[in-house]
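Heads up, the next two complexes both have subunit A, just with different partners, subunit B and then subunit C.
Up next is the complex of A and B:
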């Protein structure tokens, strides 16, 4: 080997080593915590101290956020549109309510049971959404949602039918924290569950599994050609999303001590899709931002125009979709990287 | 007895009344540089789609290393060592090249179902991805969004991605298609330097590339195999000249 060849070899090896090092650094940077994440959690805790009279609406936001983030796993990652996500929310709510009424009033056990029941329903129905186009999936999920609502309505002996499920009250959380009249414990409880749920889903999002979901959404044909088993992945993520939706439903049942048949209503599936459209899909926090905006706007509008607030929500949605998220994202791109949340979808 | 790695028997594909692939029986030897040529609309891409499971055949069978894979989904064929590139880039537009290649390697290693540890935690996978991207001249853009890369770079990623699955048989569907002249040599030299133990089936319009690269050529006309032979035989075949090379002459 000549000197020149040796040098070429050495320089090539060192450039490869540089590429390897850079790859590792880039990949690590991908999953680091961004400033907006810290801000939103600090704000959520600060709200507890600063807005003592707003506990109920804050609780509502936390529950809606968890519900919306669970839909983002399905929609923003795997690219599956659903108009029936409330089926899992409602089943979770009923499971938690029935458990508290008949067996144990320990809230945390209620969460696990709700997750289990909703997850089972998610697993079973996931096989129905493996085939077909977006429209097929929209109709299938819508159908499942409508069926679940009717089943709950008909099984009045179990669910209380149109009257809903009431007459249960929850024990202190883990035997330590008692639910109070002002909903302070309720808010912190929901916030803690949302936080834990977010951290779990965030981990999933940055895992190889999460990346493979985005590949399935982005280009299913190519995903197959790098041997991504799409159906298996969809079954898994749909089940996980159903579990978190069920937990969100359980939180509503536990903090209100009531399960209304409304938990399975179609408008709840539509609302959560709207929340995610407002907040943006594919980066999880869209569900949180969307839930905050949606609830606050709804609250403000229903004070100003109690009968017509839906009109304004509709108008906001139309404007948002027409302007397009790409354009909003382009504005966000001018922010420093840590602030702008580059992970979000265009 | 030669070692056949990829084989089709009586492969047929109809789209309504139109027969895109008509009774194709093809054999590709291990380690071959096999080119598939033919005029536009001869059914070359359809044949590749049938081989890789993107389309199901109407009739006939596909064998990989002697095993019938006709009914297997694409992702299972890739697992068995058969993969491809696409004539029109099929990439994950919102991914970076690094994420794209990491995922392909993670799938190959059977760890992509794991949902409890960050991709960054698999240093071996990420390093291999960095290494592979460097070899394909993509080191400087590995952290950019794929959709903003120059076309030539996207083309290289297209091939690098197929390569990340460590195929034993690689089907290249017009690898240099649409690449601007000044980026072309980069793609061509990558194709020329592919490891010898990988069997390559190449679809190409560029006759210079075909004659310099291939050891064996099949000519496809109207969905059927019109002629097959060594480079010298095909180059000398007057019928092939008439139907195909005549176009360029």
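Up next is the complex of A and C:
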């Protein structure tokens, strides 16, 4: 619907066909598949064969990447700084866990249910983030995140409280692929979901819809003047992002067969922000790059200082910000356009 | 009933002292400092160390907590914070979360993860009975001290030259600079003062709010609510917001323990729906 609307808008505004052709070319240019994307996916598949002993950490990376990319839709495109994105992740995890425990142990159905539940929560809370300034949004998102953690803690009869949900096992995926002890199936499963999710989000992000989100990000008032319905768009993208965050949570619940209250913890929201900072915002693959780096760094740190890795994570954050995110991502500007994620104005 | 109201007021007063430094940071520099709670925690730990290790009187610890955190605040402001005033909000959020993480892990490393206890002087502990209402002496002390501080703050802001400069800078930074007000200096001093107040609040709140390494994370949401409900342009706005939050939180936890933790979130959501720009906004949403 939005596509059609947008196209109608474009065609109405550009009376001459030349402008329209230019717009179509620009959209095509923005959305074409770049070489680094192919490299990433090849590397991800190659990792399955080359690093058979690292399946668990690879799975972790894939899940974190999906989670981070979903936040990028909100942060990099719509420009909403969220401190509570883990709420959707956690709700998705609990939804998948509860479904597997009480109803059906089919993983794919679990993903859909998790997306549905998290999306519903995202839809309901999106009306709250429409209000106020950046500060109120921080408060709202943080508050919702903490509230969900508290709900999970209080409703012990449903969620197991502080002990978490355990004791569920999952059927083979679609009845075909069984989860094995080494997490090999788990990794491929997560990778497949990440790939599908990524392609859907890519389609959304590089559509006129995604472009209009960037317009809203840079100036909501002007976006309104060129008849972009800012509020509606934000609600939609927030809901979509919540759904994918829920799917990421469901993946974690399914691959580990365990849901701890930790899925809703504040540090998870902060971690995912940091992932995006490392990888860069606004071009989706930042979440993937960031997830790889973040997980490796965190893994290395928690080996060195099991208890105090938080300190070093904090230090890295401070240093990253002081250096400046733009400077960190500047290397991409030196690459040819086809290689880098940068968009060039025509 | 009245006891609860009383406890709520004491709690709210503490929240106000803790958060009012943050309102200035936000109002003046539009800087979202999520690490504000870390300063409060620092003040609390200064008190704990001074009292429990060196046996210094509680009354001396309070000003010491103020001075130490103010100095820490000043140093951090000059070395780190000042570079980020013009950064966008995402950077500020990330930066201050990084500081929080460092503070949490640092406190854990040096002081251990357990709750810290302080032994109040005997004249401040216990309860007394005034007209059938049980009043905790320490809470009374808290209320008196915080009320005096709030009054002094209000007077500084409205009557002194420094307060005048500060208000001018909050209202319009560029014009204030054009009038020859040294805004960075005003801000550095205010930041130090606000950090000091947070430290003082942390020291006084160690008894009521508890003190452990997760303090900055636990109270981040309270600070944010106080600031965004109360607005950043007055002293009275955050004060009333803190009162409301304190009383609602204490009453909620007492009367309906099952849903007690949700009272503040409910309050937050109601406020968002009714007054998205804060209780006392002047229309200019920053």
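One rule holds in what follows: the second predicted complex is superposed on the first by the 311 of 346 C-alpha atoms of A that agree within 3 Å, B and C clash if a C-alpha of one lies under 4 Å from a C-alpha of the other, contacts with A are read in each partner's own complex, and residues count from 1 in each chain.
Rule of thumb we're sticking to: a contact is a pair of C-beta atoms (placed from the backbone, for glycine too) under 8 Å apart; a residue touches a chain by one contact, two chains touch by 3 or more.
Everything numeric in this text was worked out from a predicted model, so none of it was measured.
By the touch criterion defined above, A:104 lies against neither subunit B nor subunit C after alignment on the C-alpha atoms of chain A. Contacts of A:314 after superposition on the shared chain: subunit C is touched, whereas subunit B is not. After overlaying the two complexes on the shared chain, residue contacts for A:209 are found with subunit B alone; subunit C is out of touch. Residue contacts after overlaying the shared chain place A:22 against subunit B, while subunit C stays out of touching range. Residue contacts after overlaying the shared chain place A:169 against neither subunit B nor subunit C. Legend: residue contacts after superposition of the two complexes on their common chain; A:273 is shown touching subunit C, with no touch to subunit B. In the superposition on chain A, A:140 makes contact with subunit C only, not with subunit B.
Once chain A of one complex is fitted onto chain A of the other, the partner contacts of A:154 are limited to subunit C, with no touch recorded for subunit B.
With the contact threshold set out at the top, not one residue of subunit A is in contact with subunit B in one structure and with subunit C in the other. Those residues of subunit B lying in contact with subunit A across their complex are 52-54, 73-76, 78-79, 83-84, 86, 90-96, 98-100, 102-104, 106-108, 111-120, 122-123, 126-127, 129-131, 133-135, 139, 142-143, 161-162, 164-165. On the side of subunit A, the complex with subunit C involves touching residues 75, 81, 83, 128, 131-136, 138-140, 142-144, 146-147, 150-151, 154, 266-267, 270, 273-274, 277, 281, 307-311, 313-318, 320-322, 325.
Those residues of subunit C that touch subunit A in the shared complex are 26, 32, 34, 80, 83-84, 87, 89-91, 93-95, 97-106, 108-109, 217, 220-221, 224-225, 227-228, 258-259, 261-262, 264-265, 268-269, 272-273, 276-278, 285-286. Within the complex formed with subunit B, the subunit A residues making contact are 15-16, 18-24, 26-28, 30-31, 203-204, 206-212, 214-215, 218-219, 221-230, 232-233, 236, 345-346.
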